[in-house]
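Each of the next two complexes has subunit A plus one more chain, namely subunit B in the first and subunit C in the second.
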Partner chain A sequence: MRLTQGTFSYLPDLTDAQIRAQVEYCLMNGWAVSIEYTDDPHPRNAYWEMHGMPMFDLRDAAGVMQVVAECRGAFPDHYIKVNAFDATRGRESLQLSFIVNRPRDEQGFALLRTEGRGRNVEYTLRAYATQRPEGERYAVRARE
Partner chain B sequence: MSTQKAGAITDAKQRYRPGVLKYAQMGYWAPDYEPKDTDVLALFRITPQAGVDPVEAAAAVAGESSTATWTVVWTDRLTACDVYRAKAYRVDPVPGSPGQYFAYIAYDLDLFEPGSIANLTASIIGNVFGFKPLKALRLEDMRLPAAYVKTFDGPPTGIIAERERLDKFGRPLLGATVKPKLGLSGKSYGRVVYEALKGGLDFTKDDENINSQPFMHWRDRFLYCMEAVNRAQAATGEVKGTYLNVTAGTMEDMYERAELARELGSCIVMIDLVIGYTAIQSMSKWARRNDMVLHLHRAGHGTYTRQKNHGISFRVIAKWMRLAGVDHLHAGTVVGKLEGDPNSVQGFYNVLREPKNAVDLQRGLHFEQDWASLRRVMPVASGGIHAGQMHQLLHYLGEDVVLQFGGGTIGHPMGIAAGATANRVALEAMVLARNEGRDIWNEGPQILVDAAKHCAPLRSALDVWGDVSFDYTSTDTPDFVPTPTPA
Partner chain C sequence: MKPVMACDEVDLDAALSDSGVTEILASLDRELVGLAPVKMRIRQIAALLLVDRARAQHGLAAEPPSLHMSFTGNPGTGKTTVAQRMASILHGLGYVRKGHLVAVTRDDLVGQYIGHTAPKTREVLKRAMGGVLFIDEAYYLYRPENERDYGQETIEILLQAMESNRDDLVVIFAGYKDRMDRFFASNPGMASRVAHHIDFPDYSDDELFSIAGLMLARMQYALSPAAATALREYIARRKAQPHFANARSIRNALDRTRLRQANRLFEMQGGPLSREMLATIEAEDIRASRVFGRAGR
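== the complex of A and B ==
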């Protein structure tokens, strides 16, 4: 499967030049860019690991691209996303968030159903990868 | 306008002599009145009957929407009646519309119960619309003072929290209304939901008139739809939702339906405007207690918003609904099949989305409006829109909007999931290009053609619908057109 979280997941994977153009757009708007990674892609996993702090004072897209490259080097088989945070009053939230790295083998999710009274069903979504401990999920499987 | 003819009678003995006076003489016309920051202000378009003085007509509207009756009553003197009288303070001819006048009326804040749209509207539109001396009357705009805004809870979720819950940023959200809107069984209905969400939409939607009918009872619909939502979440790893319409004949039924939606894990429920203002506020409170996004379909509004000379402008309904507290509100598409002048529609969007509205006559906004940190409502664009218009939609409507492609998803020649994918790819390609600094207004069609090279469903959508447009003249247009200024 292809995880389609993030702003541009239905397009072919962005090239570095395309990523850089988006970062430039974010910086032009005065948003703080940050990089996050995870091997737990559950849609309600709100807290991916922060690859360093949001780059509040960095105004140079080349610098951001260097951090993206570092993060990819350290976590080649994790999901990595670029976020842009807007601290403007009344927004104070993300303005853009898109995936820039994926595991080679995206395993997807199991849907578990617990049948209740009547025809009610309680649903649980579980990433196949998270059956293994953190850090041993996608890379391990890719090696197998 | 002339103020001499019928000024207020200031001598109390004269003023309260039993009998009939003109409304202006009774004190409902006050051309020197300076509205207070805490006053509720209303702008009416009045069309007086032949021979009726517009100032007297404006005073009558002020009178009948506040304290007056047709004759003098001595019991006024038991109250601070000067305060409670609404005051028409300005009357202007409507540009380009002979016989029509804009009447500005100020209401003291104490005329209204805090936090009640029912009470506000009972005054402002309660009695006056059938008033004989007027041929027609339209409520064009209102200024709701911050002191009054603060008595309302507003949207239970709002644009920011909704995006954070859905984990979707930087692009319009995508939806589709299940079609045919009537007649499908629960199982068939859920199929449409599953295909559309799996294919790339964020939301699907019940239509306004899908409640609990012989062909599909509400519980069946909810159960199948939530199976579809959860299956699509598993297929994509994204948060998905379907607006389960809980509209019913009684509040008890609506609460029962909403409770099941919550039990089944739905992130959103839906209501129709026709349930009434009080029911909307009740459902808003329920949604707030249950972390639920509340979608409002504006069913019925066209009966009173569309004609320019009589009724209520949708911008006023939008203001009331932001106070009443809904998270989504249908507000027009500009380019689709339903009524919507671009400037007027942008005015509605600004009312729903901005922290403050400045006076913007070109977009029909006649007053400054401070929303006092009330959350923002996500506008919904629905009705006859398709992927080939993506650049126009993004240009006119911006990013904080739900674009609903019903026919444009379900009618896709390669199937529903393909229709959804076509829309999602078109949207992402357009946002990407806009962020890269490209001129999407002019290059839009080429951007879509390029995106279709890696997406057969988009190619197919452009082939089928690329040329479809709905170019009809709007009836509800702003009265003020921009005059070109030398650069």
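== the complex of A and C ==
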């Protein structure tokens, strides 16, 4: 199951040239770009791990692309996203966030139904991957 | 009208005017006094890049040249200013993508504890990508007296970036000539990666005077004839004194002169000030300097 989170997620994966162009656009707007990764792709998981510090005062996308490449090298089977933070007063939030790397084998989510009182049903999403401990979720399965 | 060229010919003049470099080179001549060897070298580099581009259009091999540079010269000889121009020239010729200048010194690159240096240097490199990284007083990076100095780590990261990110950034090292020579002598890897060594000569008295003229014109001041004589005398005397920093000393002297002029106008009682009075620097504003005072004593 293909994870659809963030901008462009219904498009085919962006090529490096396209990622670079998006980052150029972010830098042109004066946004600070940062890279984050995770192997817990639950849609409510807002806390991905930071890969290095957010990059302020960049003028060219080359620096970001270098970090993306580094992060892919370190976590080839994690989700990696590029975030662009707008520090303008009154805005101070992410302007753009898109996935630039995903595991080779995305296992998707299980839908748990819990029957409550009456005919009430509560739904829970759980990524199959998170049954294994952190750091072993996607890589292990790909190796098998 | 330009003559129509056959499609397999390349018009270097057109390429030159397209790049906007002519304008930058002209402003270099106009706004920077003297520095003949420096301007010469910049012209050569511009020519090389243009010819390379033309070669590429013809399908000839055009290996992008290594443009890391070293600017050596005494303080105030225009190293930073030329670096700024160099960034715009390289941008105009398409060698760097953004054409900004990131000026740093040892403090910006070298960390204070183990593990601090590499991220700090990498961050600066990332900021400089697409432009020019200007390292002032680069020889401070290398401290042979302390073998555990973190500067060595910075040098290694720089070397790596200079090699592998050659299309992303140009590094310019700057500093005093003798110390830079020693720096390169003790870092052969660095010396072999820096292709262009440009030496900035000291300015002559006349050049300093025209620099002062340019600075004053930019600030919209004018010298009275007597003040011009005084300024020439001032330059000759100041040069003989210690800590003379070429154009920078002149700029500081002019700043103090403006102070004295303002004070003189302030103490002059009565009558509104005319535009001319506000814009004119008199000989007494210059002659009140300590440079004259000490000689008279």
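Here is the rule we go by: the second predicted complex is superposed on the first by the 144 of 144 C-alpha atoms of A that agree within 3 Å, B and C clash if a C-alpha of one lies under 4 Å from a C-alpha of the other, contacts with A are read in each partner's own complex, and residues count from 1 in each chain.
Heads up, the rule we're going with is that a contact is a pair of C-beta atoms (placed from the backbone, for glycine too) under 8 Å apart; a residue touches a chain by one contact, two chains touch by 3 or more.
Every value quoted in this text rests on a predicted model; they were computed, and no experiment measured them.
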Most subunit A residues touched (candidates subunit B, subunit C): B
Contacts of A:Phe98 with subunit B and subunit C, given as first, second, both or neither: first
Touched partner set for A:Met53, first subunit B, second subunit C, both or neither: second
Which superposed partner A:Gly63 touches (first subunit B, second subunit C, both, neither): second
Partner chain in contact with A:Glu115 - subunit B first, subunit C second, else both or neither: neither
Parts of subunit C lying in touch with subunit A, wherever the complex brings them together: 97-98, 100, 119, 123, 125-127, 129-131, 165, 168-169
Complex interface listing, subunit A residues touching subunit B: 1, 3-5, 7-12, 14, 18, 21-22, 25, 41-44, 46, 84, 89-98, 108-111, 119-123, 125, 127
Partner subunit A, residues of subunit B touching it in the complex: 160, 163-164, 167-171, 200, 219, 223, 226-227, 230-231, 233-239, 263-265, 355, 373, 376, 421, 424-425, 428-429, 431-432, 435-437, 451, 454-455
Subunit C-facing residues of subunit A, complex: 52-53, 55, 57-64, 66-67
